[in-house]
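Scroll down for the structure; my scribbles are underneath it.
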Amino acid sequence: MTVWLHIVAIVLLASLGGALWRVWRGPSPADRMMAAQLVGTGGVAVLVVLAALQDWTLLVVALALALLAALAAVGFVKAESPDGAGDPEETDPPEDWRTNSQKVPQDG
Amino acid sequence: MSLTIFALTGAALIGLGVYGLLARLHLLRRIIAFNLIGSGLFLFFGATGARGEILDPIPQALIITGIVVALSASALAVGLVVALAQGSGRASLPEDEDAEGRAP
Amino acid sequence: MSAALDLALCALILGVGLASMAGRGVFRAAIFFITYGLLVAIGWARLGAYDVALAEAAIGSGLTGVLLLAAHGRLRRLRAAAESLSRFNLPAAIAGGGVALSFGWAWFALPVPRAPDLTYALPQAGVGNPVTAVLLNFRAWDTLVESIVLLAALIGVWMMARDADWDAPLGLRYHARPSGVLASFGRILPPVGLIFGVYLVWAGAESTGGAFQGGTVLAAVGLVAMMAGIMRPPRVAQGAWRAALVLGPVVFLGSGLAGAALGAGFLTLPEALAKPAILTIEAALTVSIAVTLALLVLGPPDEGGQQA
Amino acid sequence: MTPLVVVLSLPLLTALSAIAVPASMRVTVALGGVVTTLIAALWLGGVVWHGGPVVLVLGGWQPPIGIVLRADGLAAALIVMSALVIAAVAAAARYEMAPTPAGPRASFGFWPLMLLLWAALNAVFVSRDLFNLYVGLELLSLAAVALVAISGTAQALASAMRYLLFALAGSLLYLAGVVLVYATHGTLDITLLGARVPSPVDALALGLMTAGLLAKTALFPFHVWLPPAHSAAPAPASALLSALVPKGSFLIVMRLWFEAMPDLAAPSALLALAAMGAIAVIWGGALALVQARLKLIVAYSTVAQLGYLFLVFPLAGGDGINQPWAAGAWTGAIFQALSHGLAKAAMFLAAGIYIAAVGSDRLGDLRGLARALPMTSFAFALAAVTLLGLPPSGGFTAKYLLMTSAFASGQWVWAIVLAGGGLLAALYLYRPVAALFTREIRVRPRAIPRAWQAIPLALAALAILLGLLSAMPFDLLQIGRPKPAEDGL
Amino acid sequence: MADLATYILTASGLVFFIAGTVGLIRFPDTFSRLHALTKADNLGLGLIAGGVAFQTETWAQLAMLTLIWVLALLAAGTVAQLVARAALSTPEQK
């Protein structure tokens, strides 16, 4: 079993290498981000395997990674939106999103 | 064997970071280079701390402290880069701008 | 077999490190750095340093990633994200190669390991996790100063605000479609993260976890909630938030001073009180770390106007 | 509750309070903390003077497990000097940083950052643990960089960024050395390292740590970040940055070369350190000579004045530690650090008053200001006396001690550097002093409160007093000096 | 018996991961790549977690494995949706 789990981990890492190639190539930012997401999922899988191999405590690390997996991607879609704070699902940017702020900036 | 692999990886990462820090002028890239140096250093440190029969917890604690300190410095640096770009439209230091600006 | 695994992992780490320094475009470099943090976290798992793996996964990959991507987005809108073509720079390569070689040499030149003997100290530390014992007891002064470093960085980041924006909420004005995927995600994740973060702090006394890791998880889910428009970022002027920022360091320093006042000594925890004292300090510290980290990543108040 | 604990924790506690309390109470809280800590610092100085070094074993854990703090005479002297400077800076900042004209942002940030910087300095001065010193240095650097950025101008932001790059590079170099030290010896304690089993890795570790600290101390050729950063900050912040911050990293260099690894102090390495210092004296002085703005002149003079500190290495380091002249050189360098701190803070605070009065620090705009601001201008001239090393100032004592050691040891070249540096200082300080004391007035100054004008005068007077009463600080500095030197006395 | 289940499940998990990576490399445009990716790797993670589940020693470990998979699914679903829309709404750029 130990040998097999080592093999699983190594093959998983090799598959991550493929995903990393897509991060390098792109071409669009979305491509890179999604490939990084695959690396994240694969990393969780590697940690799950290592948990069985080394110490079950590693499940905590895998859980933390899974919990934070979407953090970077959420930051990415925010940064990609026109004002850096939006959401690609908003069909029409709300007019009143600044209402809680005290001043309306002057564009120029 | 494994420890040597990690230690040498750490050494190579430090070197990579030093290269990036000196060769790349975009400040965001330089911030990443700093993080790479720090991380390589910690990896090296972690490998040295695992040499004994039992894992030495002191390097681990120091590394956790170091990771938090690195994040603090990175956050301040990122804030400075953005503020600098807001004021000057550039994300490199004034003295580096000629070199940066000449490129296609 | 185990060496092959480590070799594969280190090859990936090195490749990703190289990719984050080479090539053109800081966006790609930032994405590579996110995957780098993840792979290094696996590396720490292989080295048996589980607390470090947790910290690296949460801080190195998670928070630093958002920080870099958000910065890149801002720079792109300021037309400052472009990077010139990378050229090979020989002096820099020589310097980098020299540093790498000297560390490589140092590894082989190191004498036999000489770790301090903790066998007598650990049973008196109050906690079973030796890393937590070092952080909160043996080297508590480091940890206290480190929590202050975070705070200093936050004040520094706030100094980057434009004066006109000073009274505005921190960061950008995040908004999202109220019934959209992001908003739903922002509602589901925080409760799970809250429980997990608290678990990490509580578990950190005896096994993997701790105040910094737990605080980072809390900060991360708080950020998701804010980016999803569920939670409103605070303003600098809101006293309750500033109190939350300093709570942990104040409790930490206060307990240290209490030790000095009661004759035990500065930052000294009597063995009988060590565990409850450490858990109290960690609880307060977690609140402050979570708030500080979240606000650090959020950045200074920014209404998006042009610089005067 | 020992004074050392108070000196360490009170600035921290005050900084935390200054962050948390409402804006209306911030300055009061901060000033209360400053006054109390100043008293505690003087108390600590007295305790060390009468009772010898104060040692604090944190948590009761002896190294290599725990961290030990130790206030010897050197640390106590620097703590007292910092407390005096910060008290003056805080008094001046009451006028400059709260709440107008600096704006709510700057006045929010200045007080906590100043207090955090102070806490970091005190922590660095007494720490005996190399990693703890790293964390302290990081706090010092981040607070200092934020203080530079406080002005918010594009130039200040670029200077702060450059400063941060150097500071972070310095931190990582230092940390790299610390990692090697722990990996080699299993301890980070300076005292334990003094008795370590030498290893070939030590030289690399010491080299890395020293290089990093030199970048932070802005020694030539790592000085390029300092003048723009120090001159871009608001004047009270400039005073902190120039007078105090470089002393933190310099002290660690001294601890490393005199206490942790004195056996590695080969003559060539000591010579290299002093040579960089000598070039800094000349180069910094030459560049100060061609500046048109007062703050830049004062900032370049910091580059030059820091250079003197490094003459201590060949005069008192290595084998020289057992020579009779070592004590003089060692004490002279510390006197230089102390008197430069007091005088430089006085100069920057005076510059701040001039900027408040005429809205500029161009030498042309300062002409004739001595008549409108006599106390401030007299303070500037008095501080210049110290930087020149004229009697009876503290700077004179410093340079006299270094000079006699240079003659005694036969290392004439350092005496030439001392004399040449003094000459250059006379030239570059003559220009602002002459402009201030000329008869014609170029710009009509705004009225400045007399109490504010008196602040730099107090500091400059202290710098003179340091020379007049040099016996007392001299004795204090001998307490807890590195052992081998005591035999040489 | 438990070991056999582990072998089979983890091997199938690997197949899905490899398929996802091959899709990521081979598919011609961003959207088909997105499509291939999110399904394959989450199924892969589920299978690997399922395989490892047969080796667990306590119920808590089993619960944690489940939670890991659920969270990964949630993250992947959200991320795929958001990134795809972001790619739609922003013009092609470097």
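The letters A, B, C, D and E name the chains in turn, as written, and every chain counts its residues from 1.
Assume a residue touches a chain if its C-beta (ideal position, glycine included) is under 8 Å from a C-beta of that chain, and two chains touch if they have at least 3 such contacts.
Remember, it's a predicted structure, so these values are computed and weren't measured experimentally.
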item	value
Required minimum of steps from subunit A to subunit D, each step between chains that touch	2
Given subunit A and subunit C, the chains that contact each of them	E
Centroid-based (C-alpha) most distant chain relative to subunit A	D
Which of B-C and A-E has more C-beta pairs touching across its chains	B-C
Greatest separation from subunit E - chain, by CA centre	D
Between subunit B and subunit D, centroid-to-centroid distance (C-alpha), Å	28
Rounded Å distance, subunit B centre to subunit E centre (Cα mean)	31
Overlap residues in subunit E, where contacts from two or more other chains coincide	67, 71, 74, 78, 81-82, 94
Contacts with 2+ other chains: residues of subunit B	14, 21, 44, 48-49, 58, 62, 65, 69, 72-73, 76, 80-81, 83, 87
Per-residue multi-chain contacts in subunit C, two or more chains	2, 46, 48, 63, 72, 74, 103, 106, 110, 113, 115-116, 118, 138-139, 142, 146, 149, 152-153, 156, 160, 162, 167, 181-182, 185, 189, 192
In contact (per the touch rule at the top): chain pairs	A-C, A-E, B-C, B-D, C-D, C-E
Touching residues on subunit A, where the partner in the complex is subunit E	1, 4-5, 8, 11-12, 15-16, 18-19, 21-22, 26-31, 33-35, 37-38, 41-42, 44-45, 48-49, 51-52, 56, 59-60, 62-63, 66-67, 69-70, 73-74, 76-77, 80-81, 87-89
Residue numbers on subunit B that touch subunit D, as the complex places them	14, 21, 27, 30, 34, 37-38, 41, 44-45, 48-49, 58-59, 62, 65-66, 69, 72-73, 76-77, 80-81, 83-84, 87-88, 93-94
Interface residues, subunit C side, partner subunit A - complex	1-2, 4-5, 8-9, 12, 15-16, 19, 23, 27-28, 31-32, 34-35, 38-39, 41-42, 45-46, 48, 50, 53-54, 57-58, 61-63, 65-66, 69-70, 72-74, 76-77, 164, 167-169, 172-177, 180-183, 185, 189, 192-193, 196, 200, 203, 207-209, 213, 217, 220-221, 223-224, 227-229, 232, 303-306
List of subunit C residues in touch with subunit B within their complex	2-3, 6-7, 10, 13-14, 17-18, 20-21, 26, 29-30, 33, 36-37, 40, 43-44, 46-49, 51-52, 55-56, 59-60, 63-64, 67-68, 71-72, 74-75, 78-81, 83-89, 91-93, 95-101, 103-104, 106-107, 110, 113, 115-116, 118, 130-131, 133-135, 138-139, 142-143, 146, 149-150, 152-154, 156-157, 160, 162, 210, 212, 293, 296-297, 299-300, 307
Footprint of subunit C on subunit B - complex, ascending	1-26, 28-29, 31-33, 35-36, 39-40, 42-44, 46-52, 54-58, 60-65, 67-69, 71-76, 78-83, 85-87, 89-91, 99-104
